[in-house]
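Residue numbering begins at 1 within each chain, and the chains themselves are lettered A, B, C, D and E in the order written.
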Amino acid sequence: MLTLNSVACTRGGVTVLDGVSFELAAGEALILKGPNGSGKTTLLRTIAGLQPASAGVITARPESIAYAAHADGIKVPLTVAENLTFWAGLFGAPNIDAALTAFDLHALRNRPAGALSAGQKRRVGLARLVVTGRPIWALDEPTVSLDAASVALFARAVSEHLAAGGAALIATHVDLGLEARSLDVSAFRPTKSAQQNAFDEAFE
Amino acid sequence: MLTLNSVACTRGGVTVLDGVSFELAAGEALILKGPNGSGKTTLLRTIAGLQPASAGVITARPESIAYAAHADGIKVPLTVAENLTFWAGLFGAPNIDAALTAFDLHALRNRPAGALSAGQKRRVGLARLVVTGRPIWALDEPTVSLDAASVALFARAVSEHLAAGGAALIATHVDLGLEARSLDVSAFRPTKSAQQNAFDEAFE
Amino acid sequence: MIGLLTRDLKLAIRAGGGFGLALAFFLIVIVLVPFGVGPQTDILSKIAPGILWVGALLACLLSLDRLFATDFEDGSLELLATAPLPLEALVATKALAHWLTTGLPLTLAAVAFSVLLNLPTPGIPALITSLAIGTPALSMIGAFGAALTVGLKRGGLLLSLLVLPLYVPTLIFGAEATRRGAEAMPTTTPMLLLAAITLGAIACLPFAAAAALRVNLR
Amino acid sequence: MIGLLTRDLKLAIRAGGGFGLALAFFLIVIVLVPFGVGPQTDILSKIAPGILWVGALLACLLSLDRLFATDFEDGSLELLATAPLPLEALVATKALAHWLTTGLPLTLAAVAFSVLLNLPTPGIPALITSLAIGTPALSMIGAFGAALTVGLKRGGLLLSLLVLPLYVPTLIFGAEATRRGAEAMPTTTPMLLLAAITLGAIACLPFAAAAALRVNLR
Amino acid sequence: MSLWEYANPRKFMSTTEKAVAPLFALAALFVLTGLVWGFFFTPDDFRQGSTVKIIYLHVPSAMMAINVWAMMLITSLVWLIRRHHVSALAAKAAAPIGMTMTLMALFTGAVWGQPMWGTWWEWDPRLTSFLILFLFYLGYMALWAAVEDPDTAADLTSVLCLVGSVFAILSRYAVNFWSQGLHQGASLSLDKEENVSDVFWIPLVVCIIGFILLFIALVLLRTRTELRRRRLHAIETRERMG
C-alpha cells in the first residue's frame, strides 16, 4: 500500500533522515521507534505530503493517508459531535457513530471540546481517524495522555482497522500492546557526507 | 511540606473531586493516578493556587510550589538558553547550568525552541523546574513525548530533588521507575449529594 | 466546503458576536472620528465617504489576523491540508466566511451609519452599492495576507502592513464612487472598476494564498 | 521585571519589526485617509489633528490583541501567575513593553507624519507633547482590555469594542490639545487633563487588569 | 554556455568577485561627471532658477525606484520557477536599494516642491504613487525580516512581490483617477521637440547611466553579502544540530 524507496527528509534545512526504505502492506502495522529528535515526526509529515522528500520516492495511492499529528486540531468552542461531524462531512463519511463507539465517546458527545481533560481530547483526535475512512493511518505519538483503558481502546481500533484491510504507521515511545514490526529510525541518520551534500552544496 | 485537608475542586462549575486529604513530607514523592478525566489536572491547578479550592484547606509555605502543566510555556522564537535564563531571572536562580545538565540540554542550548522536536521541547519545559529552585514540584504528565532515556533523566532529576529535601507530586499514566507512594484520585469522586450541593445550591 | 463554512460561522458566533462585532467596531470608528476632527457638520459630511470606507477597511483588517492562525496553532490547518478539500477551496471558503461576518453586515448597516456622518442622501445608494461590490475584494485580499503571515507569532501589525497597500485601489474606487454619488454625479466608471478588482481578486488570489499556505505548512 | 521586559522586546523584534511595524501601520493609515477623503489640502490640514490621533489609537489597538494571548495559549501565563512576580507587575511590564514598541516610536516619528497631512507648523510641538503624555494611557488601558479578553479565541474585534470607548477621553483631550496648538491657542488645560488620565490609568488599571487575568486563568 | 550557469552560487561568486570594484569606479565616474556637469556647467532655468538642478538627483532616483521593483519581480519569478538561490537573494538584496531610491526621490521632490509649489507635500498622483511604492518596499522587507527559514521567506516574499506588482500598477491607475496633479509629465521621451533642451538633457542622461551602474554594483555587492550570510546560516545551523 505504501512504499518508501531511499527517502531523505529535511527539517529546517538539515537532512535528518536519509535512505529510508520500507514497504507497508494491507493489514500490516509498522511501529516507528527512535529517541527524541531522531526524525519520526519529520518522516510522518513527509509521508503525509506536508513537506517534500528531498530525495527518494514515496509511492502510495493519492489521498490514502490519514495523518494525526502531535496537535489534535480540535476546535474548543465546538462540541465533540460537532468536531467529528465536520471532519465526517469533509471526508464524506456517512456518520460519526462508529468513531464515537470506537473511542467510547458517546457520553461526551455533547460536551464542548474545551471542557475535556487532556486524555479525553486526545480520544476525540483519534476518533477523527475512523471518520476519515482512509486506509493508511500515519500516527504521531497517538497515546500521549491516554490512560491504560484508553490505550487498550486505541489498540483495538487499530487492530480492527488492520483487519478491515487498512495499514498503520505509528511513531511512539511506549508499548502499545500491538503485535507489529518495528523500525528504528535512528538507523537512518544521514552520514556526515550526505548531510553536507544535501545541505548546502550550492553555497560552497 | 504540603497538607491537604478534605479539599474539593471544581472545574467548569462541576465538583470533580471531593474530600482529598493527604500529606507530603520533604524527600517524598506522590504519584497521582486515575483514569482520564478523573481530576488530576484540576487538583494540581488547585494546589498550585491557580484556582481556589471549593472546600477544605491546603497548607503549604507560600511560593513553595513549582507547577508544570500540560503546556510547556516555551517561547518558540527564543533559544533554549534564553527561555531558561528568563525563568532563572524571574525566580532568582544564579544560572541555568544545573538545569541544562540535569536534562542534557547543553548541546541544544543555542537552538531556537521552535526547531526542537516534541520530546526535546518537553525536556526544556522540565528543566525550568530545576531553575525555579522551589521545594515542591507539582507535575502534570511530565513524561509525555519523552523517550526511555529522557524518562530516566527525569527520574534521576526527581530523585535528586527529593534527596535535596524537596517533594514532588506527579500526575501520570505511565510508570516512571520512581519508588513512591501513589494515590488514585478516582477514589475522591464526589458523591451524588456533594456534587449537587457544590454545583448550584444557589439556584434551587 | 459547506461544512467548513458552517464550522467557521459557528466558531465566529460562539466566540462572541460574530456578525455584530464588525458592526460595533465600525460604529465606534465612526463615533470616534467626530471626536477627533471636531463636530462641524460641513466638514464631516465632506469627509463622510472616505471615513465610512476607511472604517470598513479597518473593521475587515481587525478580524483578519486570526483567519488561518487559530487553525494553524491548534493543528487543524495541517489536517485540513491533508484532507480531500483543495487548499484553494479552503481559502475561498474562509474568505467567504470572513465576508459574511464583516463585509455583509457592514453593507447592510451602512445606511444607519451614513446618517451619523451626515452623508448627503444621494450618496447613500452609492455607498451601499460600492460596499456590496467592494467588500468581497477586501476579504479575499485579506485572506491572502493572512495566508502569508500565518506562521508568525505576532502577525497582526505585519499583516496590516502587507494588506493595506493592496487595499488602495479598492478604497480609492469605492470612496470615489460614494463621493460622486453624494455629489449626484454618475458613478458607473468607479463601480465598474471596483467590480473588476473584486472579480480579479476572487479569480486569482485563492491560488496565491493556497501557495503561501503550502509554503508555511512545509 | 527587567527580564520580562527584555523578553517581550526580544519577542517583538524576532517576530519581525518590533519598533518599525507600528510606525509603518501609522504611515499607512495616514496615506489611506487622503485616498478616502480626497486630496484637498485645506480639508486635510483641518482634520489632521484628529486623523493623527485616531491613527495612533488604531496602531496601538492592532498590536494589543496578542499582548497576553500568546502567553496564554502556550501556557506561560499560568506559569507566570505562579512565579514570584505579582500579576500587577506583570501587567505593568507588558504595558510598558507595548508602549516602547508602539507609543514611543509613534511619538518620535510624528513630525514626519504631520507634514504629510499638512498640519500647521505650530501644531507639531503640541502633537508631540500630547502623544508623549497620552500614549502611555493608551497602552495601559489596552492592556486592561487584553486582560479581559485573554481567554477568547477571536478576541480581536471584541477587544477593540471594549477598549475603544475607554479611549474616548484620551482621544478628545489629545486631539483638542493638538488642534489648539495648530491654531496657536494655549494648550495647558487639555494637556493637564491628558496627564491626569495617564497617571490615573497607570496607578489603577494594573490592579483591575491583574484581577481580570486571575479570573481568566481560573 | 547558458546564462543559468551564473545562477550557481559558486560561479556567481567567482565571476562577480572581480566585477564589483570596476563597476563601482565606473558608476562613480558617471555620477560625479553628471552631477558636476549638471550643477556647475548648465545655465539656470529662466523660471525655476537654480532649483531646477535638483533634477539631476531627482529623476534618476525616481526612475531607479521603479526599475528596481521590476528587477525584483523578475528575479522573484526566476526563483519561483527555477529555484535558483542567487535569484531569490538578489531580490532580497535589491529591496533596500530600491527603498532608498524611493526615499531619495520623495525627499528631493519635497525639497523641490517647497520653492515650486509652496508646500513640502502635496497629494499629487505621482508623489502619492511613490509613497505607495515605498509602502510596498517596506512590506516586502518586513516579510523577509519576519520569516525565520530562508527558503520559506524567499517563497513568501516572491509570492508577495508578484501579487504586489499587480496591485502597484492598479494603484498607479487608481491614483490618477483620484486626483489630477501638479507634477511634470515625462520629458525624456524620444520625441525631442517637446523636451527640455540638450544643455539639460545630456548631463541628465549621464546621471541616469551612473545611477544604473551604481545600482548594479550595489546589487552585486549586496547579493554577495547575502550569499555569504546564507552560507553562514547554513554552517551555524549544522553546528547547532551537532
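Quick note on the criterion: contacts are C-beta pairs under 8 Å (C-beta built on N, C-alpha and C of every residue); 3 or more make two chains touch, one makes a residue touch a chain.
Note that the structure is predicted; figures quoted are calculated from it, not measured.
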Exercise for the section: Between chain A and chain B, two touching copies, which fits better, same or different residues at the interface, with half of the numbers shared as the threshold? Expected result: same
Completion exercise
Per mean C-alpha coordinates, the chain lying farthest from chain A is E
Completion exercise
Expressed in whole Å, how far the mean CA point of chain A lies from that of chain E is 49
Practice task
List the centre-to-centre spacing of chain C and chain E in whole Å, with centres computed as mean CA coordinates.
Solution key: 32
Fill in the blank from the handout: Between the Cα centroids of chain B and chain D the separation in whole angstrom comes to 37
Problem - Mean-CA-position distance for chain D and chain A (Å) - result: 45
Completion exercise
Where chain E touches two or more other chains at once, the residues are 132, 135, 138-139, 142-143, 146-147, 178
Practice task
Can you tell me which residues of chain C touch two or more of the remaining chains?
Solution key: 11, 15, 152-153, 158, 161, 164-165, 168, 172, 218
Completion exercise
Touching at least 2 other chains, the residues of chain A are 12, 70, 76-77
Fill in the blank from the handout: Per the touch rule, the chain E residues reaching chain B in their complex are 148, 240, 242
Handout entry: chain D partner contacts - residues on chain C that touch it in the complex
Key = 11-12, 15-17, 21-22, 24-25, 28-29, 32-33, 35-38, 43, 46-47, 49-51, 53-54, 57-59, 61-63, 65-66, 70, 73, 152-158, 160-161, 164-165, 167-168, 171-172, 175, 179
Problem - Interfacial residue positions of chain C with respect to chain A in the complex - result: 2-4, 7, 10-11, 14-15, 71, 74-85, 217-218
Fill in the blank from the handout: Note: in the complex, chain E contacts chain C through residues 132, 135-136, 138-139, 142-143, 146-147, 152, 155-156, 159-160, 162-164, 167, 170-171, 173-175, 177-178
Completion exercise
In the complex, the residues of chain A that touch chain B are 11-12, 34-37, 41, 70, 115-120, 123, 141, 144-150, 173-174
